[in-house]
Amino acid sequence: MITLTALSKRFANGAAPAVDALSLDIGEGEICVLIGPSGCGKTTTMRMINRMVEPDSGTIVVGDRDVTRIDPVELRRSIGYVIQQVGLFPHMTIAENIATVPRLLGWDNAQIGKRVDELLERVHMDPARDRNRYPRELSGGQKQRVGVARALAADPPVMLMDEPFGALDPITRESLQDEFLRILHELRKTIVFVTHDIDEAIRMGTRIAIMRAGKLVQYDTPEVILARPADPFVESFVGADRALKRLSLLAVDGHANNEPPPADAPRIARSGNLRDALSSLLSVEASCGAVVDVNGAVTGTLTLDAIRGAFAVKAEARR
Amino acid sequence: MLADAWRYIETHPTQFVTALGVHVALSACALAIAALIAIPLGIVAARRAGFALAAINAANIGRTLPSLAVLALVMPILGTGFAPSLVALTLLAVPPILTNTIAGIIGVERDVVDAAHGMGMTARDVLHRIEIPIATPIVFAGLRTSAVQVVSGAVLAAFIGGGGLGDFITAGIAMMAVPLLLVGAIPVTLLSLGADYLFGTLERRLTPQGLRAE
Amino acid sequence: MQWFLRNWDQVAIALWEHVAISLTALSIAFVLSLAIGIVAARRPRIYAATLGIAGFLYTIPTLAFLALLIPIVGLGRTNAIIAMVAFSLLILVRNITTGIRTVPAEIVDSARGMGMSAMQILAKVELPLASPVIVAGLRVAAVTVISVTVVAAYINAGGLGTLIFNGIASDHPPKIWAGALTACALAVGVDLSLAAIERRLRRSHAG
């Protein structure tokens, strides 16, 4: 869906290039997370896709169009754009904010009205209550929900998101990440997502592109990056606890057996991941836990050995 | 004294109305021309940091110049009368409008402008739909300051033959006739308060709802 | 230019008169505003009332104000000084009160905790920290006062305005230039100097 080929950018006051011959291929419906230390060029790369920054060399193809050949204004109207500070227009109502791109595209008022209400519901806000409110009346989390709704308004196939949840407190951030993943599941969008938070990257990304000093260091699924970091830099970047992070990608469901658990076993949610399960078991010094479903019914047992085994199997399968 | 002043107006209606008319005309024209110069200039200057800084510095110096000095300096060059007074008053009116326009546009948060561009608004759209509406209250605050200054300055135009209500004041002082002096001083004070009130109301009305401090 | 060189003593006297009146008026205005501002900092209602009155006074055109005072105090310096004080109140009281109010609460709190009296806190903590804002207000007030003094020459207060009025009356441009340009130079000079002081104060507080 999006193909970057040998993309480069050097800024006037920069000694080294901000982005250095970057090549990347993003499939339709994927979330590609760009991550790396400060100054690695991830935001610049993202901003070249909608030409908020003009590339020095290389090509960017979105869909089947070479982005550098299209009028930038028209291009941007077909790409959703969400930034960290949201940038809601303070002098417009929520409804007017969301309606921005549809209005630029000439939709009629009835269409726009319907779309605004639809989107407000999708981001779990109340159209009747919120459409005529102003940005200053909203909390940080609500502002970013509106930001996402605004970006989705004209139903663009591609969305660019620059640390969209970075300005929020950890609890709000996590709930918005979940909601956003759920929304994306229902729609089929191709997303380029910039973050500096490796946990967010692992959570959100179909594939993660780790960048450093303008170059692409490793581009793969979260599991592979955690299991086989390409070099010492990536290894230290993903953190010394990468094994535990890998466990967070594995579900309890696939590793529990059907046997009845011992009486004093701690309860472990079936829908949870192995890392949380491990944490529960360790905290009470148990060697196995009772797997329960949403209704509280016991469905099986999860043992420490099984957890260790899951890890090893995965590792084995890769070799 | 007040009664005498009122009687004077009753017995010299044309003189009074003419002076009032000239005063309002001088003030309104100076303000309008100053706005037509300063607002576009401010919008252009706001885009370039160096230009903006130079403009603000120049405007600040302009604001410190004593009004009467500016009016007096114009006289040897342009002579006396309505037009030279208008030129001087326009010069005096420009700085507050210019500074406020620049501050207003620069004050629009960068993220808001970035989001607007990123969503596909043309530069013109961004200016007309985002930057100008958000900057409007601040620009009008500048117009308000200028308006009051101009009405006050127009009083001084009497010294260089510009006409206006200042004529009554200067005549009153010269002849030590207090009623005559009041015929000028009181109406012009009311005019000044009126202008302040008018622009204050406009400022409030034109502040977009989303920006009103609650 | 030649007139100026030959008669620089006239200009110097006018300048001296101008500075004397301005300084007197500014000092009185400052002391008055300081008293009001300190009280108003703690009492929002007094602040609002003061701003209302001062705002009203500020909106009265300069010459009109001077003229309106004539039936009460006649012509001359006193008249001019009263007008100047009235015009300066708004900016000075506003800046003094705002300056005091925006001193961070923790700083005042720790001063009180150390056992400083209210007077001491005011003198050693609040006013010094508010000084950049206060000087900013003084800047505007000084320029206003200088400007009013030019006009006040018409009611016999003296100052550089006398040169301007004489020049206009006798159609003698060099006199007009001398008076007007000197007044402008004085205003700009005072403004820039106070601006430098303001900058110094801000910087020394920033660390």
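The chains carry the letters A, B and C, assigned in the order they are written, with residues numbered from 1 in each.
The criterion applied here is as follows: a contact is a pair of C-beta atoms (placed from the backbone, for glycine too) under 8 Å apart; a residue touches a chain by one contact, two chains touch by 3 or more.
Keep in mind the model is a prediction, meaning the values are calculated, not measured.
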Chain hops separating subunit B from subunit A, counting only touching neighbours: 1
Identifier of the chain whose CA centre is least distant from the whole-structure CA centre: B
Relative to subunit B, chain with the most remote C-alpha centre: A
Highest-count interface - the chain pair sharing the most C-beta contacts: B-C
Intercentroid distance (Cα basis), subunit B paired with subunit A, Å: 53
Geometric centre distance via CA averages, subunit C-subunit A, whole Å: 59
Rounded Å distance, subunit B centre to subunit C centre (Cα mean): 22
Contact set on subunit B toward subunit C in their complex: 1, 60-61, 63-70, 72-73, 75-76, 148, 151-152, 155-156, 159-160, 166, 169-170, 172-173, 178, 181-182, 184-186, 188-189, 192-193, 196
In the complex, subunit A residues that touch subunit B: 50, 52, 73-79, 81, 83-93, 100-101, 104, 134-136, 147, 150-151, 160
List of subunit B residues in touch with subunit A within their complex: 109, 111-122, 125, 130, 133-134, 208-211
Touching residues on subunit C, where the partner in the complex is subunit B: 56, 59-65, 67-68, 70-71, 75, 143, 146-147, 150-151, 154-155, 161, 164-165, 167-168, 173, 176-177, 179-181, 183-184, 187-188, 191
